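Residue numbering begins at 1 within each chain, and the chains themselves are lettered A, B, C, D and E in the order written.
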Amino acid sequence: MTQTDLAYHLKNIQHYYENTKVLDIDDLKIRKGSITGLLGPNGSGKSTLLKLLAFAQKPTMGSIFYNGRIEFPFSPTVRSKVTLLTQKPYLLKRIVFENIAYGLKIRKETKFLEDQVKKALLTVGLDYQNFAARKWHELSGGEAQRVAMAARLILKPEVLLLDEPIASVDTESAKLIRKASLKARDNWGATLVIASHDLQWLYSISDKQLSIFKGNIFSTGMENIITGPFVKTDEKSLVKKLGDGQIITLKAPTQEVCTAVIRKKNISIALERQPAGGVDNQLSGHIISMLLEKKNGQIMATISINDLSLILRLSPDQISHLDLYPGKKVILQFHSNDVEWI
Amino acid sequence: MTQTDLAYHLKNIQHYYENTKVLDIDDLKIRKGSITGLLGPNGSGKSTLLKLLAFAQKPTMGSIFYNGRIEFPFSPTVRSKVTLLTQKPYLLKRIVFENIAYGLKIRKETKFLEDQVKKALLTVGLDYQNFAARKWHELSGGEAQRVAMAARLILKPEVLLLDEPIASVDTESAKLIRKASLKARDNWGATLVIASHDLQWLYSISDKQLSIFKGNIFSTGMENIITGPFVKTDEKSLVKKLGDGQIITLKAPTQEVCTAVIRKKNISIALERQPAGGVDNQLSGHIISMLLEKKNGQIMATISINDLSLILRLSPDQISHLDLYPGKKVILQFHSNDVEWI
Amino acid sequence: AGSKGLMMATTTSTDNTGLLDYLIPHFEKQTNISLKWTATGTGKALKLGQNCDVDVLLVHAPPAEKKYIANGYGKDRREVMYNDFVIIGPENDPAGIKGKSISDALSAVKNEQAVFMSRGDDSGTNKKEKLLWKNAGIQLPDKEKWYVQTGQGMLATINVAQERNGYTMTDRGTYIKYQSQKDGNAPLKILVEGDSILLNQYSVLTLDPKNCANAKYDLALKFSDWMASQNAQNLIKDFRLLGQKLFIPNAK
Amino acid sequence: MDFIVAGFIKAFELLISGDSSTWTAVWATLKVSTCSMLLSIGAGLPCGFLLGYFDFKGKKHLRTILDTMLALPTVFIGLAVYAFISHQGPLGEFGLLFTLTGIAIGQTILAFPIVAALTASTIESIDHDLKLTLVTLGAGKRNIITTCLWEVRFGILAAAVTAYGRVLTEVGISMMVGGNIKYHTRTITTAIALETNKGLFADGIALGLVLIMIAFIVNLSLSFLRKQ
Amino acid sequence: MDFIVAGFIKAFELLISGDSSTWTAVWATLKVSTCSMLLSIGAGLPCGFLLGYFDFKGKKHLRTILDTMLALPTVFIGLAVYAFISHQGPLGEFGLLFTLTGIAIGQTILAFPIVAALTASTIESIDHDLKLTLVTLGAGKRNIITTCLWEVRFGILAAAVTAYGRVLTEVGISMMVGGNIKYHTRTITTAIALETNKGLFADGIALGLVLIMIAFIVNLSLSFLRKQ
């Protein structure tokens, strides 16, 4: 990956709200033309990161290279090229048409405006006739969300940052937004970064997933996070007790921390418990969902173990072989040494 | 179901925004202590229905019986008993504590206020220490959503109406909100109506699903909707052409309408096409997701047929028998006579 | 002191009675000099002249005018007309001043603690009133409850007097106006009049070119001359308000 | 120009020397403006709320009338109040003419449209979601009013400060209804008018500065209510 | 009381008879108030925007000063302007004293704080999401100003209408700077003051009604800008 391939390069970024650090990224590279999925629990810093990437806010510390150059808010080289669909989309107090046309108007690109607006509305599944003349407040929640999306798509930006674009959007429209996002990448080489809590949707659209937790980034995508409280058993290990009496054993961390990460790839699935020895964690639970990952034909399965949910990736063969289906009881196995602490 | 079992009874409700009819419900009964899921695409009228149920708005026509009596906005018998979590939760310009305590304060129930707020925050997974003193704008999207939820839960209302309560909430919190909702029903007999686009979550929580489409209600829950354009072939049938050349044949409707409904129960699944005769629609597609319905151990499968998604309910036996998994190619079969028009 | 024509500052009485509206068109026609005026309190009128914002003054406060000239602000002072002051009060005359001399009347007011309105605005009228108290040997009753200082124009002060059933001193012109507004049965009547000290002298004042080079001294002088001319004096003599003579020309 | 400088010096002298006529005028001004502000806020807030919160027929016309009332000349109000409370007026018997109470009545009429119109326009800017949220949380009508007003408190504060500025600087009503009576109904503004008319411009400036100082102190204390 | 009735009748007479002194005063009022409104809006909107939009050190103090300026007495402004444009003032050579231009300058100073303070408080109420949305849509600084102002247009309108009411009814500046010269700088308000001074209360009321009528017509036309 050479420097010129990079849309973004973030170096030593830290961001504070008042005195609380909410983002801490040593080094993050985002390739031109890639679609990056941003995963993480509430308050982990997704929106903050997107605002920094949009140059809508300056990080408290560190620098953001865009196309190889350090850039700042209002810099003319990014201003009309990077656009963000905010988490709470705000519609201007105007009709839908004007909302969608706004970005083009301030860019003074008003050729074929009506046609462009018509097309943008169509991409998000709204019909021009019915919606163009509506006032901003005469829309349902999902319709408003989609109008805001159309207002971003019409700009054909170099970078399209989407903060939970399908939060209140129906399944059909979620598909349309997926299509539109892919088209943006394919047709004009847009770089996309998308935050969402809908894992299936996010996996179906992104090339790469970044998992973010308490402001720290894991570039390997969605991983399983186990939060405390933990109980110390001896020098070398901690345990977490689940509600049903099952116990997870973890290698004790070296520094003072509180959250454990177990990567998908380190977990295996079985129908029966192995005899003792080998893995030291064998948890019984049941499958609650199985989702297709379009990219690779693999299946992402969510397994519920009492009040804990773990995710792992299965192949069709594994599923056929073990005769897995949602509701089936399974045993998850992993080694306490494979745990990582953050 | 006797009258006294009913929390709500809606009769001949119609609601208009300006001159557009957005809701048309002949008769709808909601039992006390039930949890009703509300499904439907954007703009179908979910939020409108919830606002009517909350007596925050008067229907243009028709009457709403609550506990057997016709009630109106501001009626003292419903005012402090019915509460709605709106789709765009609004936080008062005060700290989190005051936001959550607001409802109790106006009810003058300020005993053990701090304890109650602490508990309410905990139910939505936020910790008192960290959040109670934050200003309304110092929250992430999902945190704000959860504060708003806590402000409703603390009221222990007779009726709890939730408009997309997990729209921007992470998986863990979605679980917490599910738990809290069930507890509300079980502990103080609350009646719940919940709108959501997250089908799995909604199915995992609700006793009964209402599907709403263009303001009309189908009491049988999520059904498959096929929208136009259709092409008329002869007197008796219409066809819809899919992008990949497949064709769906439908019995022509008697009145002028444009949307077809095919109920889950009328669709069957197979691995191979049947020889001609019997069903007249055989569509090939692939499974994209399989979700467990907690209630009954059945599996809800979504099958993608070109740009159409159909949903049907499978049993574990069927899955094992046909060796189904996400990604697997399947044939869906249904008869054109089974289509309903709305 | 605009580019064309004369700018005059004058007291409100000449304007409010309508004298200027009657007189000035004649002046403009006969001399081809246009004249605009602003009507204010005497004090402010003098100040505007001192600051060279006007060209000529028409005022009525002889002692102040003389001091003004002595200070080098004014140049020529020409007396052009007069009217007189009267003391008015309620018809039942609680202090019993009717027909008394000025000094006796004021002493009676003071002894009876009868309400007396003063304009208290340092206008020509007010200055005269203060002089009367002094002549009567009474210290100005500034903080006495019965001595009410309105700080307003003459008519407003009369109206206050009427509301409070009190006495006041006014120029005859304003009283006539007041009387006419009450359709001839005004609650306040003239109780003391005719003393020579009650004369109210109006003068035209030109500004000293040494102080105000920009002031149109020559035109101002023309106005002053015109006001003293037989023609103007006749016009003043003929000016009537509601059928009563208001100003008596006395240019020398 | 020099009278401005002189005015500054004089302003200090007046205040420090404890000049009684100045201090009684300050006192009268404070009393009367406080009173009229309380009354106009008491009446203007609810009216403004109703006008801004609800949609009803004729609302637009009411707004136009209220906006027009913003242009009621003070002398006009003064005359109208005078007509009512003068001896011959219908309220003559209460003896309100030439009293601070009389002035306060007039100033209330002056400030009311400012408070009401600005409150209405602030309330109108309220998010529709706030209304919905309050109703669904079980707020009664009074809760809705108080909570909405509190949500837009900075807008309300601006309305009040604007009205206060108007009341504090008005001359016409104080002159006409109060009569500018020394030691009684003379307020700072009528005193300024008087001094200016006398040609004592420096005194006018000095008194103006005193008034501005009052306004400054009031606004400074209010500014602590306003967060950064 | 009867002078109020008489005033109504007289108001019609004045307008219908085409009384030239009334009409020139109407004309002068319109000219001067339009001019000062344009100037104060031109200066007040941007200043109000800056003060409401950005957070910076000393912002709170600036607001306090601006709020205090709301309480500048008109006579004081009149005196200050007079000091500058009088013959001996620094701007004496321009001959602005006793002209409508001079009045307009003073009225601009009067209206500016109203426009600026109310604009600032309206802009402050803007949703933070709007700012973010504009920036992310690629709006430049000028776009942000214009769009924000447009978003709160009803608040701005209220600010302008309030300032207009203030300008239309002010007497002190017109009197001091304009000199109330008949057919030249006499505005309706100075005419009202004059008539009232003469004791012609009915005429005062009549002229007041004329002024209110002007305000009504202006507000009526503005009300079409305002949606239901």
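Heads up, the rule we're going with is that a residue touches a chain if its C-beta (ideal position, glycine included) is under 8 Å from a C-beta of that chain, and two chains touch if they have at least 3 such contacts.
This structure is a prediction, so every number in the text was calculated from the model and none was measured.
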Chain whose Cα centroid lies at the greatest distance from that of chain A: C
Chain pair that, of all pairs, has the most C-beta pairs in contact: D-E
Centre distance in Å when chain A and chain C are each reduced to the mean of their C-alpha atoms: 88
Separation of chain A from chain D, taking each centre as the mean of its C-alpha atoms, in whole Å: 55
Centroid distance [mean C-alpha coordinates] between chain E and chain D, Å: 17
Centre-to-centre distance between chain D and chain C (centres being mean Cα positions), rounded to whole Å: 36
Interface hub residues of chain B, defined as touching at least two other chains: 88
Contacts with two or more other chains, residues of chain C listed in rising order: 156
Multi-chain contact residues (two or more partners), chain E: 88, 127
Pairwise chain contacts under the document criterion: A-B, A-E, B-D, C-D, C-E, D-E
Sites on chain D touched by chain E in the complex: 1, 3-4, 55, 59-61, 63-64, 67-68, 70-76, 78-80, 82-84, 88-90, 113-114, 117-118, 121-122, 124-125, 127, 152, 154-155, 157-158, 161-162, 164-166, 168-169, 171-172, 176, 188-189, 192-193, 196, 201, 204-205, 208-209, 211-212, 214-216, 219-220, 222-223, 226, 228
Chain D contact footprint on chain C (complex, rising order): 40-48, 120-123, 142-143, 148-152, 156, 160, 162-164
Parts of chain B lying in touch with chain A, wherever the complex brings them together: 17-18, 40-43, 46-47, 87-88, 138-143, 146, 163-164, 167-173, 175, 197-200, 286-292, 297, 299, 307, 309, 316, 319-320, 323-328
Residues on chain C engaged by chain E in the complex (per definition of touch): 1-3, 7, 12, 15-16, 21, 36-39, 51-53, 153, 155-156, 158-159, 177-178, 181, 212, 214
For the chain A and chain E complex, residues of the former touching the latter: 51, 54, 56, 73-74, 79-86, 88-90, 92-93, 102-103, 106-107, 151-152, 155, 161
